[in-house]
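Shared chain: subunit A. Partners: subunit B in the first complex, subunit C in the second.
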Partner chain A sequence: MAKTTFAIGGVHPDDSKLARACAIEVLPLPSVVYVSMAQHLGAPAKPVVSVGDKVLTGQVIAEPGGFISAFVHSPASGTVKAIAPFKDLAGREVPHIIIDVEGDEWVEGVDLSDTLITELPDREVILDRVKACGVVGLGGATFPTHVKLNPAPGSKADCLILNGAECEPYLTSDYRIMLERTKEILVGAALMQKALGGCRTVIGIEENKPEAIAAMRSALASLPYSGIEILPLKKKYPQGGEKQIIQAVMHREVGSGALPISVGAVVQNVGTSLAVYEAVQKNKPLITNILTVTGNCLPVEKQHNYLFRIGMPLSYIAEYAGGIPKGAAKIVSGGPMMGRAISNMEAATVKGTSSILYLSEESTRRKLESNCIRCGRCAEACPMGLEPFLLRRLWKAGDMEALEANAVQDCIECGCCLYSCPACIPLLDHIRQAKGAVLGAIRARAAAAKAAAEANQKNS
Partner chain B sequence: MNPIIIWTVVILAGLGLVLALVLFLVARRFRVEEDPRIDLVEKTLPGANCGGCGYAGCHAFADSAVKASDLSAHYCPVGGNDVMQKVSDILGFKMEAKAPQVAVVRCNGSCTARPVINEYDGAASCRVKAALYAGDTACPFGCLGCGDCVAACEFGALSMDPATGLPVVDEAKCVACGKCVAACPKSLIELRNKGPRGIRVFVACRNTDKGPVARKACSNACIGCGLCVKACAHDAITLENNLAYVDFTKCKLCRKCVAACPTGAVHGVNFPKEVNNG
Partner chain C sequence: MAYIVSPNPHIHAKVSTRSLMLDVIIALCPAAVVSFLFYGLSEIAIMAFSVASCVFLEWVVNRYMLHRASSTGDLSAVVTGILLAMNLPPSTPLWVVFIGAVVAIGVAKMTFGGIGQNIWNPAITGRVFLLVSFPAIMTDWTIPAGGLIGNVDAFSGATLLQQVGLLGAKAADAMVGLETLFSNMGGSAGEISALALLAGWVYLLVRKVIKPWITLSIFATVALVAGIFHAIDPAQFTGALFNLLTGGVILGACFMATDYVTSPMSAWGGVIFGVGIGILVMMIRYFGSYPEGMSFAILIMNTAVPLIDRAFHQKKFGRA
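Then we have the complex of A and B:
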């Protein structure tokens, strides 16, 4: 088996894919859904319904609030109860549309059958439907997909990479759809390939998922598409990082501050590919996704992979799955490396929710921090080639220029530095702050330069 | 006498003279003209270089003050009115006296009043904590308790009270430089007029949630009931977003609001006989 991976850094946490054998189950609808207006990267969506309106499943309830934004659709049929702030999983208030669920009556024009449609429509139709169905990247960043599939004039995609690495421990949602919705994912890949002008398409899957690789290979042989290949990748975290998988697959390096398209790459998650298939071929908006209920203090028979609707409260899902297990010290949404601890279980699922992860006291408790001994393990582990120990010191000293010169803005927040630090220093916590501050300064500079250029133009 | 010693002395003395001449000429040639008043002003300043005045240290303050046409934009919070009087005398300006200020912590969500609903075990920094989530209590506005303000204070005027989990200002040491104000990610610290003999009234809460929500999160929270506004005869209290605010320029320190507040969110401090210091 060919083995390829990204060149520098990375760590090898135990993959703990405990829920890998659990087939996807469909969650029933709760009595109330809470649909967030900030489910994607970019501007929050603007509600287009008002309190008291009757809505159907799949009906548009909010429209994009900017260029980088996405449509939001109703996950159930019922009555809009309120449009009000509601706390997200970090306890912060975000505008939500709250709908009293009365049933599951879909809007017209949605194909709810299981028939596989393999004929590909025109490029414009693909892009329109992806946008209209509110598809966003389901690999974690929830970047609006239609923006990514439509590169700026002058840039051309050489390679579409379908990200099936799922390098985060515990998560099995991508793995399950690669097994259960194999053909749909491949049709989705072909659709995106067509949207990008027929480039080479590579599906990168880590070698710890041999069943997914085999299933993908046999399904590909039965489909009439060309230019799609399956590439097994050597297991290493964070393989699923955009810049990392580009390096693993294409052996090209995306420059500091540059977008993947600058080296001719477009990366999409396999989950996004499935969403694109459903949007384009079935006209089905993105209101469902797969979520793994797992953890190291949950017996295997209580672990599940669920097909959920957006807006379901996490507490409802946890209750349905059998309640919060004894010994769970921390509940995380997302993987254990990059996920966020949930402080509010009443929060609702969003398009990008990927797991409810119960971790034991022993595995999550931070150890006592001690002094940096300059061992350099963090610098070895950093997949972006940064020096985390230095960045932390510069941040403490408040040297913004040096932080920018040392490329703190390139940090992908993968957590490898923190994972590898023998002194248990919360490196990432500080670096994330520094990154935010430096990115803010860069943006302010760009805005000032733009304003100055405009003023110049007016004067001349 | 040994000629070697004589020659050594002569050569060294000659070398010294020549180098002294060189240094003298260089100093003449490259002399930097500086207003002598800058030095005078700098010497009257406390020399803490805290930046509380908004300038990068005492020298920058002196330099800017000498060039300014009046002292409206210059005030040394550490030196206070005494130092500013001296600076004004040197520069020949009329002194504008300012009321002395002090840092005030506008949160009284103590451990008992504001129960912890989840446990935070991340980096011990309020900024990091605030960036991660709403906090370990149900009040997303309150003190996070990691002591960023204590670390920011260069005068040792702040400390964390282990009993309440809140920072305490030592009024004798606080110079109102404003570093803690900038350090708090929840904007809980405000510089307020110290008041006569340190007597002052303020609302020790920043929670803008609706009354029942705020009260559920913290029994000391301002619930926006407006009783203090009604009690105030001097129009000093405003109620906005379910939160009361006492304007210290209008407050006459009558303490009617302190008595009226049902949750003890309005604090009156340093009164000869404390009536209600929730």
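Then we have the complex of A and C:
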């Protein structure tokens, strides 16, 4: 089949999948874990344990703080030492439950065996367990999965897309699970397919991972499910962007400000699929994920793909992997295009952690900005069809109306513009600020309109 | 140890203003070498002096007038210097070259704020200033002695384009054949070999430095306009091939009209820009008082670029 991709923009950074050959290793538990209450998009979770309580591995320690929120479970057994603010990787204080680890004794009812379970339970059971096990999207946004799998009345999913693009350079965690946990991912896909009412299911994988494509295809042939297909995608960043992969797979464009379900699409990461499998078939809550320890200043033999528990300090993992390498100028959590620079290595892992990436000074230090030469590379690279050079100019001029008219709010912050700018102009830095301001203005307008409508109703 | 903390993206493509300008310089090399071969040491001197003047002037303006860090490292002044030299007759005195550099860099480029800010292509602005200020020098096509390729006919005096006026369109048309692709004596240094220029252009396309639309639309428009007029009256109007291969059409279309700074950013904008240049150059050649009009055509269309850019926008994702 001809390989497909999204239509507008995109860039081709070297994929640098240096850790691709490293099999997943299990990290031992540290003596203390720091479990964040804000590991998902939406409202922070509310602790349901108190200081001094004994907890077991997999026990609920916090419940959803709103409709868009998720359960959090203990990653180890031990005693709750404190419930207190603790700094995240950017140094911001977030409520954490801090647990002294005494062992790894699991709550009852969790199947810890490796037996593959392929029979699918009822839709309600699937949705309940996904919610109860605190599953969130592991592709980056950490959106609560049960919300996505349960579209609002009136909207119907035509296609479930499993995102195995892993278009960010360096990251190899999705690649490794596609090789090592292939069947579990496919069962997870079938579970989500069933939850969505049995729609077409496509697993999109970029062509630079032929082993993963082959493994998925052969595993699929051995499983009894129908309506699931493997689709190789051309290598292009940001293929894994939600709107981009929908266009690549379904050739449909999600409108500005609209949700994927508006074109009948639901996108889930392959890592999420594995978490769904473990939640539904094994009753195992989401307290583990895979992260890649990699970078261009780290020798390949020191690179790793680790199965970690949430709440492990990043410094603990870095230390276990052999320490921060010499020559590392920036430490990133996530990929080099969209990840976040770590300023606080004492921060703990969360459900969505995907890497500790060490970048050398030469590769990551920003060059001095010079004049725009109007080459148009930023506009050509933008996957949303925006004109970053223009947006930056408008932001500097403070023209909010023109910014909105030129769709600054559609920016997905993928970084293609700044990546490709020969003058090294910090385009995305400015556009991100402009986007925030315009979104704020749009929300304020909507709130004012709503208030006016309510006032009208009261008067009439 | 402190680590860098900055927003994403954390890596950058291996492209810079300097690397792009270096590609343009490489692309200009074949045509420059041809000009050295035909016009000899004096041409080497003109080009070296032109480049040195441009770089020096940019440095001086940055250092002593704008009081800011030098921008000569981006190599754009080198490109301007080479292009300026290629737009001059081989017998141009060096002091005239310097005046051209002052206008190109000092006036057309730095007055507007340096690279990226200028409205008109600096090298062309320099050349046009010289053309209107020193018409005799700028149309003296005497070929200097010392060309490395011997047997250059002493016949020079006028370019093929000027001979249209002397001999008539038919005779001039007859003088253009396939061999004109390789060498077209009697003209600005950069206009000798169409093939060398096109080789450089193809290099820029392969390296993805420029898009082909502007250049192709200029060629197509020149061919179409000349074809139509020639079909109407072959005695008065020269044909398509003659107009494509003579004068500065190829040099201008490949290297001057494609200047990022002074051309539209969108593909369709580029086509409009190219069509405009093609029509203007043919109108000047057929009906104007100058035998050649490429420089004027490009400068006029440079002026229209902000308007063209305003009219053409990218197709946005998820919007009608």
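Observations, loosely collected:
Criterion: the second predicted complex is superposed on the first by the 449 of 460 C-alpha atoms of A that agree within 3 Å, B and C clash if a C-alpha of one lies under 4 Å from a C-alpha of the other, contacts with A are read in each partner's own complex, and residues count from 1 in each chain.
Quick note on the criterion: a contact is a pair of C-beta atoms (placed from the backbone, for glycine too) under 8 Å apart; a residue touches a chain by one contact, two chains touch by 3 or more.
Fair warning: this is a prediction, and the values are worked out from it, not measured in the lab.
Residue by residue along subunit A, subunit B and subunit C are tallied for touches, and C comes out ahead. In the overlay built on the shared chain, the residue A:92 is in contact with subunit B alone; subunit C does not reach it. After overlaying the two complexes on the shared chain, residue contacts for A:433 are found with subunit B alone; subunit C is out of touch. In the superposed model, A:375 makes contact with subunit C only, not with subunit B. After overlaying the two complexes on the shared chain, residue contacts for A:413 are found with subunit C alone; subunit B is out of touch. By the touch criterion defined above, A:424 reaches subunit C but does not reach subunit B. In the superposed model, A:255 lies in contact with subunit C only, and not with subunit B. Of the two partner chains placed around the shared chain by superposition, subunit B and subunit C are both touched by A:366.
Applying the stated contact rule after C-alpha superposition, one finds that A:441 touches neither subunit B nor subunit C.
In the superposition on chain A, A:336 makes contact with subunit C only, while subunit B stays out of contact range. Overlaid on A, the two complexes show subunit B and subunit C touching the same residues of subunit A, namely 340-341, 343, 365-366, 429, 432. Against subunit C, the residues of subunit A that register as touching in their complex are 8, 11, 13, 169, 243, 247, 253-256, 258, 328-332, 336-343, 357, 359, 361, 363-367, 370-377, 379, 382-387, 389, 406-407, 410, 413, 415-416, 418-420, 422-424, 428-429, 432. Taken together, the subunit C residues at the contact with subunit A in this complex read 3-13, 15-17, 19-20, 71, 74, 76, 113-117, 260-261, 265-266, 313-319. Contact residues on subunit B toward subunit A in their complex (touch as defined above): 117-118, 121-123, 125, 127-128, 131-136, 140. Put simply, subunit A touches subunit B in their complex at residues 87, 90-93, 340-341, 343-344, 365-366, 426, 429-430, 432-433, 436.
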